[in-house]
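What follows is a pair of complexes built around chain A, which joins chain B in one and chain C in the other.
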Partner chain A sequence: MTTIVRHRLFWPAAVLVVLLVSNVFFSPRFFTITLQDGHLYGSLIDVLRSATPLALVALGMTMVIATGGIDLSVGSVMAISGAVSCLIIGDLSDQNSVGGVLLAVGAAIVLALVLGVWNGVLVSVIGIQPIIATLILMVAGRGIAQLLTDGQIINVESAPFRVIGAGYALAIPVSVIIVAVVVAVSVLLIRRSALGVLVEAVGASPTASRLAGIRARGLTIGAYVFAAVCAAIAGLIFASNVRSADSNAAGNLIELDAILAVVIGGTALTGGRFSIAGSVLGAVLISALDITTITVGVPAETTLLFKAVVVVILCLSQSAAFRAAVFRRRRTAPVTPAAEVPA
Partner chain B sequence: MGDPPILQMTGIRKAFPGVVALDGVDFSLRPGEVHALMGENGAGKSTLIKVLTGVYGIDAGNIWLDGAPVRFGGPLQAQQAGISTVYQEVNLCANLSVAENIFIGREPRRFGKIRWSEMRRRSVELLAGLDLHLDVAAPLSTYSLAIQQMVAIARAVDVSAKVLILDEPTSSLDASEVERLFEVMRRLKRDGVAILFISHFLDQIYAVADRLTVLRNGTLIGEYPVADLTPMQLVTKMIGKELTVLERLEQEPRTVTADAAPEPFLEAQELGRTGAIEPFSMAVRGGEIVGLAGLLGSGRTELARLLFGADRPDHGSLKIDGKPTTLRTPRVAMNHGIAFSSENRRTEGVVGELSVRENIVLALQASRGWSRPIPRRKQDELVERYIKTLGIRPANPDVAVRNLSGGNQQKVLLARWLITEPRLLIVDEPTRGIDVGAKAEIQRLLVELADGGMAVLFVSAELEEVLRLSHKIEVLRERHLVEELDNTGGGVDADRVMQAIASGANA
Partner chain C sequence: MIDVTAPPQPETAATALRKRRGLDRRHIPVLATLALLALMYGIGVGNYDNFSDTQVLLNVFVDNAFLLVVAAGMTFVILTGGIDLSVGAVVALTTVVAATLLNAGWPALVVLPLVLLIGTTLGLGMGVVIHYFKVEPFIATLAGMFLARGLSLLINRNSIPITDPFWTSMAQERIRFGPGVFISTSVVIALVVLLAGAFVLAYTRFGRTVYAIGGSADSALLMGLPVGRTRIAVYTISGFCSALGGVLLSFYMLSGYSLHAQGMELDAIAAVVIGGVILTGGSGYLFGTVLGVLVLGLIQTIITFQGTLSSWWTKIVIGILLFAFIVLQRLVTRRNR
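The block that comes next holds the complex of A and B.
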């Protein structure tokens, strides 16, 4: 039991369960999942579906934060990716051409690669602090997206494109499958290769890593590229779901939710050790929170306040010092981790 | 010398788990004197200061200030009682103005509002007292490190003017800046301030100190008027000659054989870096241990870093296997078969957050690149072998390295480089701060590696250790390589090296 409680992800998982269960009091059929027309329906499915863009962005953000950086531009990259893809699809003679949609998707991802290189170069070659370096694209990127769409919302009616965000395969939402595949491939790539440990070393101690012969530059650029590509896919899911490129709404403030998801998942903002599973859990938790505000019937004007309160509770639950003070055991459990062994 | 001491410490004892840092140390300080505290690394100098200023409690002994027994709960209390400390790194806020730095936390106020003009006026007066004329409204960062140091001293003196502790204030200053600092010290001395001065530069001690106290391994060696000791005698007292347990084990001087490779593996010609190490020339051959000897700050580490590409030289050239080479980065050096274990284990060596396994394979993995991970079975095999050979404890590859003791962290760091099978292993202070047993193991290991044909560059502050292991000793003083001594057959003794170290101190 204690080993479960001590697990890094115990408290966020516990909060998630409490959130989901509390929904049942307001919506008794919350846990019911039905099969209609070969599609799974239910509130839990909604939680997963609405978590998909955030989970992808949080996945990319995890790698950037692990290097000791941060990426504020992910929301803008989502907007650009949506704008580019809808622009291309809108220009197709036949919007339902699968080849044309694939071209649009490819173009959005290639552009994201470029944007990621831009961020990475600013941070690791020019040496600008990550928060400032990515702020540039955060501000400029939304402008680029608006420029691409002439400030209009571009609507598309493309069945193949619609599949990405709203389609079903094997009764499961395609967006959920996409995220699952991207996460699985990333975990395999990062943990089966030496990328994970090298990134962790760079994030935890840049000096020691340099003296161990690690070339941090390539790893850092790679992390920003990865974050941009994840954001671009998230942007595609979003655009597909709303059948349009909305440069203002796409990914608006998602960078903050993504950072929150990463932190909830147990990755420290100072870099080093990271947990992809934790970040995905964090994204699902934030999505569950959004859905809960709806089922509980929190008035629209107090939704943000409600979210804030839950986040505060979540953060407190993860603080060992707070737990010790609240549960006030007579044990002499150390409040802080054991001190380092002196040299 | 009839003045009663303003500060007296007697029978001070302080133990940390496993180490006695201070044992029965006496120390006294008179008003109007500069008193140098001397000793090698780990001799207990900083512990003594921390005990005095209340950073650590003491296990036994007494401290009197102005004739009254005192025991401080922390540096703030010590400061209020009249003891201020200025550390090696300037502990000020470089982005604030000079005046703000002097008065931070005790700004002159009226009705809760800071009186800026009053603050500036008093800062100007205070600095003028030290013969410093600065724009006190300018940010501190606009001034050189030396001036910043003096602003720190001005602040310390203004806060409390009885006892001033200067902990290696000169380590980052150049010669003219040091002279300026000494002027300030002499001025304060005339005003009756008692100054405790720590410096690793012998000539500075002779230039400014009146008396000195020597510590070695946490015990008091003695207190002497500076004029009564020659630099040679002082170095002898600091380093000591009594044999430790370890040395008795290996007393027979190692028959340092001359079967080194005829052609040098690495050859430096007039290699140098401004402000770090003056141009030097040396060669290292396979199968040979080259020792770097010299006091702290003599440029040992700086030299070693140039040979690993950790810093870039701005002078001279380097040949590896006879071919001219530029080591732009550590990675380039690694590709040439050079390994470097830093003296700063925690910050530049191991990555504390990562496990023992990850730390051990880190350098090898880095040189293979991210796309070719070392298979887990190979990792386990390598890690297990080195945990066993080096006796790393706990023998658990999955424990985070920050939870290991210093000696075991050092072994992890050595293991990291040994699995890369380097041709030149540069080890900077591999035995510092680790226990006698582990020390002997590491020394034995280095000898075995050299016997196996590896070139070893061995940097250590402990002269005995350098003498025992090295085929060749490069002596450094004040960022110059001053002499190369051939130790084949154990021909060099400590006196000879000390002579080389001390010879410049009389100047």
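The block that comes next holds the complex of A and C.
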């Protein structure tokens, strides 16, 4: 029992369960999942579907944060990827051609590779603070996306493109499948090879890892590229879902939600140890929070307040100084504090 | 074009100066910004009619008085090596609280200190969390941002007009220097704040401690400087400046709205960076921040005068300028070592 409680994902998971269960009081059919026309429908599916862009962005953000960095530009990359893909599809003579859509998707991802390299080079080669390095692309990127679309919202009517965000395969939403595949492949690549350990080493101490012969520079660039590609796929899902490229709305403030998801998932912002499962859980938690406020009928504005409270509690519980202070006050008979703080 | 031509000029000027009286490299970023500002102003005057009117320049101050104050607070925080993401949200909260209370019939002279106190308290709270609980400034102020924006949404999600006589008189009061040449009272307030801030940074023990912490917090601690107190104080100052900026914005807009000042934290950070304050802390001047705000304001003015340029060019140009100045800073600091 204590091992379960001490698991670092216990509290986020508990909050998620409480959130989901509390919905039942307001919507009795909340947990019902029905099969209609070969598609799964239900509030739980909605939670998963609405979590997909955030989960992808949070996945990329996890790797960047693990190297001790941060990526503020993910929202702008989402906007650019949506803009590029919709521009290409809009120019197709036949918007329903699968080849054209694949070309658009490919172009968006290639562009994201370039943007990721840009961020990574600024951080690891030129040595700019990650917050500021990615701030450049965050500010300029949204401008570039608006420049591409000429400030307009570009609508597309393309059946193959629509599949990405709103389609179903084997009764499961395609976007959920995409995220599941990306997460699974990432976990395999990162955790089944030395890659994850190397990234953790870079995040824990760049100097020590360099002295140990780890190519920190390449790994850091790789993390930013990975984050940009994840954001681009998220941007495609978003654009496909709303059937248009909206350079203002796409990925607006998603960087903050993604950072929040990563922190909820137990990855410290200082870099080092990271948890991909935690970040995905964090993303689902935030999505469940949004859906819950709708089901319960609280005005959407309190979501922000609730988030603030969650962030404060989570940060304080992560802070060793805070835990030490609380423990010292609670226990008058001094127990060795090291034994009290779970590793 | 700008990033290629602007930096070398001040560098040669600076080398000449350094030869004469041992000027150090810390002034180069500020001089670069000054040169850029002059260049932009020259481009404006050369290309557009009426750009040379004194009032065009004064309007940059009038339209950005609130940003000047907010960026001044941000400068203190960044000089210690921290960051404050909550400023925009605190500005919005201030406008909403002020508008709500004024509409409820509270006297202006009670509302004014009260909203300033709220902002200052929020800043103090974030400073305490950052210092005592060792929470990253980024996350602590992000939580502060959610909190302040959430509170203002909770109070009222609509825009609230302000009709209070004191507020409207502050909004309409103009200090005239001649026919058609004027500034608003907000500009005077902003200038007072800037002068006070610059004095504190340059001539007080507190100001030197701010620089020392930014240089190296550990060394500052070993030197026996009050690191904790100072670090909490800079976030408190930033909170106060955000609240004051919010008051100035409500003078300017004559409304309180929870969506006011969206993304202002980025404008403030960009102004500070363009103004040559080194983001890892310890080096930079409040005067540079003023120049940074003026650069941002002048970009807007030029784009307005041009008329055919779309608003997104503002973002792209700001991005390019950020890049140019950060790279310049890297070169300057690298050569220093």
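Basically, the second predicted complex is superposed on the first by the 302 of 343 C-alpha atoms of A that agree within 3 Å, B and C clash if a C-alpha of one lies under 4 Å from a C-alpha of the other, contacts with A are read in each partner's own complex, and residues count from 1 in each chain.
Note that a contact is a pair of C-beta atoms (placed from the backbone, for glycine too) under 8 Å apart; a residue touches a chain by one contact, two chains touch by 3 or more.
Since the structure is predicted, the reported quantities are computational estimates derived from the model, not experimental observations.
In the superposed pair of complexes, A:Asn155 makes contact with neither chain B nor chain C. In the superposed model, A:Val312 lies in contact with chain C only, and not with chain B. When the two structures are aligned on the shared chain, A:Leu269 is found in touch with chain C, with no touch to chain B. Contacts of A:Thr32 after superposition: neither chain B nor chain C is touched.
In the superposed pair of complexes, A:Arg192 makes contact with chain B only, with no contact to chain C. Legend: residue contacts after superposition of the two complexes on their common chain; A:Ser22 is shown touching neither chain B nor chain C.
Legend: residue contacts after superposition of the two complexes on their common chain; A:Ile214 is shown touching chain B, with no touch to chain C. The partner of chain A that touches more of its residues, comparing chain B with chain C, is C. In the superposition on chain A, A:Ala321 makes contact with chain C only, while chain B stays out of contact range. On the side of chain A, the complex with chain C involves touching residues 70, 126-129, 131-133, 135-144, 146-147, 150-151, 256, 259-260, 263, 269-270, 299, 301-308, 311-312, 315-316, 318-322, 325. Interface of chain C with chain A (complex): residues 83, 129, 132-136, 138-140, 142-147, 149-151, 153-154, 157, 258, 266, 269-270, 273, 279-280, 310-316, 318-320, 322-323, 326-327, 330.
For chain B in complex with chain A, the residues that touch the partner chain are 16-19, 308, 310, 329-331, 334, 340, 342, 345-354, 358, 362-363, 365-374, 402-407, 409, 416, 433-434. Contacts from chain A toward chain B in the complex involve residues 192-195, 197-198, 200-201, 204-205, 207-215, 219, 272-273, 338, 340-343.
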